[in-house]
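Labels for the chains are A, B, C, D and E, by order of writing; each one numbers its residues from 1.
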């Protein structure tokens, strides 16, 4: 029984890692902030979900249900905050792209400061 | 090479990087960051010492932990004060008619008035 | 196996630290610094010091990061005169020597590591506290903690003394310049209550399990700032008596209990027999409130002459 | 303080009365009564000098400080002379300053200098001697720079620089001197008694000679005197040249070990004294203002006194200090009178000038040792221990030089009198009376003290050979003066403070050093250097300690 | 034990000395500023009484007063201990801060002549500085000392930029960052000591201290940290702009007492904590830096165009004197006791005279509207009492007889002469000469008649008398007898006298 659970955990955690790697590559490669937001929010959230899902059985076996519930709660919290924060960063990036005159050097390479 | 020794060495390394940053930092923000790194390094060495002092039912000696907590809060208030000074300085410099930035302290008439670019902290 | 994990963690921290010290754009360095802070939090867990991990993440990189982000957002700072390559090499050399000296000392620490853990174990039952760190903080070395709250208060006074508003009546500048957008409003409405609950729990559990006044206070401060950013609550004018009492509550309640201890329990900052836990919890409530308010005000900065 | 006898009280009053008056002068209405202040202040000192029996000492402040006043023969002689000169100059100043708006401030400086000068003569323990010496030196600055002209400010700066330098040397000497005695603040007598035994006696003697030599105006360190005396108002320069300079003399008298022969140091002092004597005369001859001539004459006379003390030190003759004090007493009164004469000459109308010149001539010749005058007694008293060897001859030749210098002084005085535009009947009585009294005392008083000081009877003085020995230098001097002033050769005037001009490169060196320090400071106050210095300091500290804690061969 | 008995003994008063000044802060926070200002001055007065009571108790009992926080003995708990030297520092600090408080008070009846009322922040920071200083002098635990030093720095830095000008904020930031650099080096040393000995109590560490590599590194780091905070010569970058930029009352207390806390700790580390072999090895280096401080900073002071900067550089120079004491005091001979007394006396007389000089300079600047030295001629007639206070303070710096500086100089000189440290004697004399240079430069200028009549604002007379009172106390130190004072040696060598297992 534990063998099946272990295999299940390894497969899911591996998938999660894969998504994280994709997210990170997206962060490095994509040209402008709006595109990078996609990479970060989508890939990393799914990666985290898979990770949590993979670890829940281990937690249930090891320490009873409370640990598992905490992990899921953490995942939900991350969903909530990353969704809202990416919305805000999107607004800021959008406004910056709008107001930035073409002559200004493309500062989008290394993240956007909250425009005053 | 147990964990406490490894993290003790990491604390030493962090302190060294913090000291390097404090020496090389050319503006106040760089120095504040380096100060926090040095603080992190010092507390990490303290953490390693605490972990080595485990015993009598505790995984780490509680006294250094308490001291590190106090240290972190003191370091934060230092950073808050430094940043407040920094922002006030930036605001004063940005204001029109602010005195030309000269190196803090006297330009004695002995040396030619070689004004260095903004003698920041 | 776990040593390998620790080694990777250590290398990550070192790389981020070098990135911070190496220079370049202020904003990027602050972000790197917050990375260092979070990784340090993990390292503290590996060092079996969960209380410190909480403090490091909440105060060391959370609120400190917030304050530093504000600093990085300012006009580009005027830099001092360019320092030559020779100086960089020299500083690097000196840094290496400092590292070598510290490393030698860390490696040569005495083997039966001297520790105060046995003393704490012997003395802890007298305070009937479960968490030894809270015991050290609030009982054995209570003076340090009292001073620490005083340090926060004096730092706040120092920050406020920088304001053009000489009589400290008006309110600090708002944190979020743009009008609050829907997403921020939604996030605040959902997150603030949860955060407040976590903060209070963390303070309450501090007596027996890792947690405590400082960590709880920091989380509460963060939530307060979130609410202000989302426009749910106005940035308070610092002239208000309520706010000032809250700021004074921690240090001076602790001081009052200390003096009362003198008469009731024989020594300054001693707790009356049988009532240790209740008195300690009461003191922790006051400290948590004043820390939450003080940290929030420290992030907000000096009053900028804007009517609340 | 209990059980103070009358004489103790007099000793205390001599110093405390002027101090109290000076403090009272803070109140404006006290400061306005300048005349009362200047006249009353010296009286207790005069009374003490005359009435208090010798060897009387009073412990002013008890045990840990042991501040004591004591009156011995040299102290009494100088104190009496000083009190008299303070009285005369004070009366003169009252009239001289009547129109001066800043006379209140002048009187405060005057009182402080007066209190300091009395204290210097009276005080008997090391620490309070230093206190009195500092008081008289620094308050004399106020007298010298009263007129606040550009020259006065420069003179003041030079004076202060040298005074502070002198104080530093003296404190070093006193500390080493007191080291040989166990109790914290020894009497001068006991400290000097321990001098021959102390391992640093050479250094102590050198520091004492240079420190006190500067105040007396010995050769390289005399530069401040002509500057200060020329700029000071007339009563001020009278007091500066007469009394303040004697602080150096009493210092040497008290601190040089009488009785034990120090051949090499004695010879050195003798040589320096003699050279200064002739140097003062040579430069004095080139001066065009009578006050600067008198200043260089003081330099020369102090050279003579130093030479005498040098002989005393060489031979270990214990009576020499008293004789030197007597010579100082005589010089004090004469020089004070001569300075007042300059003031009187300036204020006197042309037709009344001749009697003033006559008195000036008498004073000048008395200084040179003209028989039947006080000066002759002083020269004779001093000649006796010096003997008739080379030193005696040189002393006599210096008397010749002094005579020539005094002749120049009288001639310049005539020009000053001729140039003066004083109208009115005659010199104001306020100036004339004190001048006349002082001149008479200067010539007459030594007779009264001669027997008390030297122990030989006056009759010996009038024997034929002493008369001849006293007369020939004066006669020769007059002859030379007559010869020179037939057709006065063009003397180029040596600027006041002669070798000071040569000190200009010293000032430039100081400027470079200071700019170097400022540059170093600006460099060190850069953040990068300071931070590196801090970490390097930590490492060097560790290295130094490691070197000691683990000697190299067993490095970890 | 009833409360009354508790307060009688000196041991109980130690805690009162630390917490009493802090009671002014809530009053200042909540009450209107005029009443709060008066309340603060009353608290300062009470604290002076407490300090005097402690000194009296220590003097009478002939042993150090000690008390433990919360009843917990070191190594677990924190101990407060007042030996002779710390009691002496307590009284000196209390007196200077009370005088500073009186100086900064608003003239009753109308707002201050010239400058307007001091902001409430000044009074809160003054109270915090006072409490932090008392704790630095009393605490025996290295980490408590760290927190006390931080409290002191955070209270002192905002004092520098109370007037909010650009140069002052720049100076304050530079002061804060360099002081923090020093503090963290000190903390690194403290951490190593805990790693080695498992306790942070100075007396317990001194008992077990051996010259091991770790202890050597710890001492080096702690000493370097304290040197940075004491602005010793190569590390004095922050002192001149900070101490000259602050308002007069603030620069008086910064130069007089705040700068003395790290020096006090260095004396405690090198004479209590470190084994004598290390102390003898390092002392010449400390004295060398002190000598360099005296020479260079005095020369730079002579070149300063502004009066406050001149006095600030004079502080940097006079700190050098206190470091000259180390080789003399570390040598084990009867004369090192005299040197040590001389050093303590110099520390105290410098505190009073420097506070008087900064206050006088502040009043002169207030009267003339500027503090350029060139424009000072004739100020002697405008504010005579302030100039007299400045002159008396200068007298003490120069080491001339009636002042305390003289007695201290003589003590250090005789100790140097006896111990054969000729170069220290030479530096002491040169320092007196240079101090004479810059003091007389100002006094002589002030006594001269001005070219054109000076127009000057009126200055509150009682503030001039406060400055004069401080200068007179410095002169009063001149009547200390020239012998090692036994009061300073109560409680040495440091021990808990059997109160610790």
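Criterion: contacts are C-beta pairs under 8 Å (C-beta built on N, C-alpha and C of every residue); 3 or more make two chains touch, one makes a residue touch a chain.
On a predicted model such as this, the values are computed, not experimentally measured, just so you know.
Setting chain C aside and leaving every other chain in place, the chains that still touch one another form these groups: A | B, D, E. Where touching is counted per the definition, the chains common to chain D and chain E are B, C. Listed by label, the chains that touch chain A and also chain B are C. In terms of Cα centroid distance from the overall Cα mean, chain E ranks first. The chain with its CA mean position farthest from that of chain B is D. Centroid analysis (C-alpha atoms only) places D farthest from chain A. Chain pair with the most C-beta contact pairs: B-C. Chain B and chain E have Cα centroids separated by 25 Å. Chain C and chain D have Cα centroids lying 71 Å from one another.
Rounded to whole angstrom units, the spacing between the C-alpha centres of chain A and chain D is 93. Separating the centre of chain A from that of chain C, both taken as means of CA atoms, is a distance of 27 Å.
Each of residues 15, 18-19, 22-24, 26, 28, 31-32, 45, 49, 52-53, 63, 67, 70, 74, 77-78, 81, 85-86, 88, 93, 101, 104-105, 108, 110, 119-121 in chain B touches at least two other chains. Residues of chain C in contact with two or more other chains: 72, 80-81, 83, 87, 91, 94, 98, 101-102, 104, 106, 108-109, 113-116, 120, 140-141, 144, 148, 151, 154-155, 158, 162. In chain E, the residues that reach two or more other chains under the touch definition are 76, 143, 147, 150, 154, 157-158, 161, 164, 169, 174, 181, 188, 192, 195, 198, 212-213, 217, 237, 240, 300, 303.
Chain pairs that touch one another, listed by label: A-C, B-C, B-D, B-E, C-D, C-E, D-E.
Listing the residues of chain E that touch chain D in their complex gives 174, 178, 181-182, 185, 211-213, 216-217, 219-221, 223-224, 227-228, 233-237, 240, 277-278, 280-282, 285, 295-297, 299-300, 302-303, 398-402, 409-410, 413-414, 417-418, 425, 429-430, 432-433, 436-437, 440, 444, 447-449, 479, 481-483. Contact residues of chain E toward chain C in the complex are 1, 3, 6, 15, 19, 22, 25-26, 29-30, 33, 67-72, 75-78, 119-121, 124-125, 128, 131, 135, 143-144, 147-148, 150-151, 154-155, 157-158, 161-162, 164, 169, 188, 192, 195-199, 212-214, 217.
Chain C contributes residues 2-3, 6-7, 10, 13-14, 17-18, 20-21, 23, 26, 29-30, 33, 36-37, 40, 43-44, 46-49, 51-52, 55-56, 59-60, 63-64, 67-68, 70-72, 74-75, 77-83, 87-88, 91-92, 94-96, 98-99, 102-103, 106-107, 109, 113-118, 120-121, 132-133, 135-137, 140-141, 144-145, 148, 151-152, 154-155, 158-159, 162, 212, 214, 295, 298-299, 301-302 to its touches with chain B in the complex.
Listed in rising order, the residues of chain A touching chain C in the complex are 77, 80-81, 83-85, 87-88, 91, 110-111, 113-116. Contact residues of chain E toward chain B in the complex are 76, 143, 146-147, 150, 154, 157-158, 161, 164-167, 169-174, 176-177, 180-181, 184, 187-188, 191-192, 194-195, 198, 237, 240-241, 300, 303-306, 309.
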